[in-house]
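First chain A sits with chain B, and in the next complex the same chain sits with chain C.
The block that comes next holds the complex of A and B.
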């Protein structure tokens, strides 16, 4: 379905390589529900954050030296002697944090509005894959400046694999490329830190292909019934996303320019020293909830399994929540539990930053238990016992249909056929 | 309206999560140390800038007192132009240092006077030599010290003025000193500052607190030499973004006016 273009060169190319038709179709006329709220801005923001990370990252890589003797110095050189090096580095460092903020909001948005339900299960699972890749990338990136937290964070986290029975220690040695975190480790982490963002780009493309198959979910969670429910992506959502980007950049700049180290740890401005262990080894804030789960379990292997389990449950979420109603707006009980799991995640984040002792550990155990209970017991139970509110007939007629019929949510969704 | 409020509440929760997460690391780092009083610094806040006179006095304190033990290795003499010194002054400061260079055509290392492009010469050739001269303790490089400690400027100040008599029940071993602000209270650094230990060119009375304030201002600059440029740029960027985002919002309203 070739679109019409005024420019003759564009027409010539498009006839042979329909790239302009493709872009017109997917970014311009792409039909989108007209009722998306600002919570839907976070998807495009995540994409922009990824671009910011890649652009600043490649620029940093031009000046960075991946060697245990020079890495820390080369980062300080970037900060002091490279023109606007401090800006590039602070954009990258804080960009990592903001990427996670945006993606976490994006995930909770999906959880509230049931965006993981049929027919978007694979779309959701690809999102979880992106989260895992981001975590791997950020973890290895944090090792690169070779500060105390870089070194000890890498030591603690890679050591987790030693919990695997029989082959654990061999795997750790293999990961390190030696018998401790050292130059070989730094080099492979740098190599992978450069590679993985491009793997993320690949998965993001798959994520977009899956998204454009059925289009966006929406705050009502009912399927698009007719063209009346939709508006073209451009100009409506391009301008809305641009406005959202402006707001994002204001918050982001406030950190980059006025509190660039607020989210970091002072110990990472001390060069790595294998002979001195920091008083408390804490990962970056975005890993804290998982770190809390890890330390909540007295057994090392159990802790590791539970930590990976906390992401694995997200993977199978589409099959844990069987309620045919997508949007939390029409699920009075689910809605309450949704906010509880948000608070539980915040609590885990807080506990992950506290020393693993006394009341903190006990609280972390309860919060961890609740986290799994939410996904493995509460959600499946709600699918059976909760009576949803009646759903609107369609997006353009938010009139309540009689008798609580699940108009739409159960009916086969309309494909974005082309 | 209700939906708006809910959105706000949700945003607040997320902001809180962020605050907790970010603050957590710092809170953890501070455990085990004494209460550190907060002071007003010339470089605090959005419009904060280093007090130039304090920077120069602080540099004098560093040179005359701290430099015999502590390196400042990421700072070059040419960077001192930020303190308000002119080229001739910087050349003179650099030339006072002895820098090892080489090898020359005969393959020998040789000493020469420092140049503005040289980095500050360290008092010891390596960590072992520094430890040997300090009873086994290592005086850390001060170029990043304000960023490398939680609440860095306040902490460094409290440390420098924190030499008080040890409580009667505390035994301090030989070669160690009691400090109210150092974590664990036993520090291997003897009290570095003494009243009138330096003589300021501008006539400022050199009390211990004054010298501490000045040298910490200097060290804060050494840790973040880009700070003033960063904040000035930040004000411009945020002002621009506010206007630009306002325009985007107006455009959004206009474009969406026909969607019902």
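The block that comes next holds the complex of A and C.
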């Protein structure tokens, strides 16, 4: 159990506080399916993105002033005068976008390979909680530079709560701390923007605890049957993740150094003006699909409910898709619908960035209807009508042929003994 | 037997009473932490503003700031007034007569905040789009307001809000 450590000091500490044994167990010998593809890189990338956000955020906070009269100028000062301020801010701004890219890929990976299915339902739901917290954090962070998009994004999103019958307006006033988005709002958003990332860290830890209970799912979606199906995390996956990180950093740096404002909106370099709404207010790109759903409905409360509903369906996904087969590789019809829902999400993202008029609204209505149909009708129906392809007996079987020797050792999903 | 029964009921009562007092205590300790987010006294101290209408010409619109929000003052042309008055009430999502929304028909005074999600509708400047009903057009999600500031088309549920105001003289109005 307790790993042998060469260093006497490490041994002395580990005997009293088994932190080194713990890390050795969870990060070194941690048994992992041997067939994970690069789609399994995005979890560790998300963790690294979170660290990048916290480190750059805390350093930005050393120069930022949360006051309506100074916020915009303090960000400009970071850009022009603070040593490497431009770099830290561009890392933070683009880091937010890349965090979302990574997490969205991570989520679609889970959807394709059925990673939300038993026994990983809570692992999946904790992931959805992380997504919600990320959205709240990014939304409040975007308000901080106090540009036009900051101000009007904050106005529109906080006003969503006014759709709640009876108490809606009081809730909005409470969120604002006044009668419009103003200094009180900026201050509390700063306070919460600082806090929430650490709440995310907490939920990520729970996410990891749930993950390490049964270990990773894998591209075949079949349970680990014996130790022959697994390899230790280190060095095999540490090196694979490190290579993926290198590729990620190339893309990330390309944006930070060559197109730092490509994903942003130029109007946010205009200081907030409560009397003039920009002609097209659009949220950051990662909110666009949800924004498209919101605007697709011609009714205020209906739009808000549907928008929150689009995330709520992810919560209950493990109970919507009842097919016992996890991996999309063995589900010929599911596979087609999976790619349609990916395209539908991309379409919603595109439509969310277009003005809410004419053909765009109509297209957004169809795309929204399809989104809900996929989760509420197609997936439950497929679980009944689809005939999956035969599954391999074990992870090893398709590779070395006739893995029968290993299979059948244990039928139930293998718990990781700790 | 009866005694133990009784003893248990008394103990249950004590548990419930303790929990109830604890809950009230926790609740009253949490309330200040929630209420601190409501508007503070200085924010609440209602400001009112006075505005000189003589600077506004027929057909012109002016925006003034009140409580951090824009207030629209529009000097309506006779055609705009007649078109606003002519609309049958059953055509309106939020039925209100034009007369109930003005004190003096030519001056339309409104809070310039879209009742959908709070954008400032366009239509104050002559070059602005005014929507399908000649009043205001909210670019955020496409709400159209008429020349009485009533919602006609789009996602907004209510008419533009009429603030409390009074004429302190023929040409001066106090808003708030």
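Convention: the second predicted complex is superposed on the first by the 405 of 418 C-alpha atoms of A that agree within 3 Å, B and C clash if a C-alpha of one lies under 4 Å from a C-alpha of the other, contacts with A are read in each partner's own complex, and residues count from 1 in each chain.
Keep this in mind: a contact is a pair of C-beta atoms (placed from the backbone, for glycine too) under 8 Å apart; a residue touches a chain by one contact, two chains touch by 3 or more.
In this text, all values refer to a predicted model and were calculated from it rather than measured experimentally.
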Clash-or-fit label for the pair chain B, chain C on chain A:
fit
Touching partner for A:249 - first (chain B), second (chain C), both, neither
first
What is the contact status of A:344 with respect to chain B (first) and chain C (second): first, second, both, or neither?
neither
Figure out whether A:263 sits in contact with chain B (first) or chain C (second), or with both, or with neither.
first
Which partner does A:86 contact after superposing on A: first (chain B), second (chain C), both, neither?
first
Vertex chain A; arms to chain B and chain C (CA centroids, nearest 10 degrees):
70
Let me test your reading of the model: by the given contact rule, A:280 touches which partner, first (chain B), second (chain C), both or neither?
both
Comparison of chain B and chain C by chain A residues contacted:
B
Would you sort A:223 into first (chain B), second (chain C), both or neither based on which partner it touches?
neither
Can you work out, in whole Å, how close the C-alpha atoms of chain B and chain C get once everything is superposed?
7
Chain A residues where the chain B and chain C footprints coincide 279-280, 355
Residue ranges of chain A touching chain B (in the complex, touch as defined):
34, 37-38, 73, 76, 79-80, 86-87, 90, 101, 104-105, 231, 235-236, 239-240, 242-243, 246-247, 249-250, 253-254, 256-258, 260-267, 269-270, 279-280, 282, 285-286, 288, 342-343, 345-346, 349-350, 352-355
Complex contacts: residues of chain A adjacent to chain C
152, 155-160, 162, 173-180, 182, 184, 188, 274-277, 279-281, 295, 297-300, 303, 355-357, 361
Of all residues in chain C, which touch chain A in the complex?
34, 37-40, 43, 63, 65, 67-70, 116-122, 138-142, 154-157
Of all residues in chain B, those that touch chain A in their complex
7, 10, 13-14, 16-18, 20-29, 31-32, 46, 74, 79, 140, 143-144, 147-150, 152, 183, 223, 225-226, 230-231, 233-235, 237-238, 241-242, 244-245, 248-249, 251-252, 255-256, 259
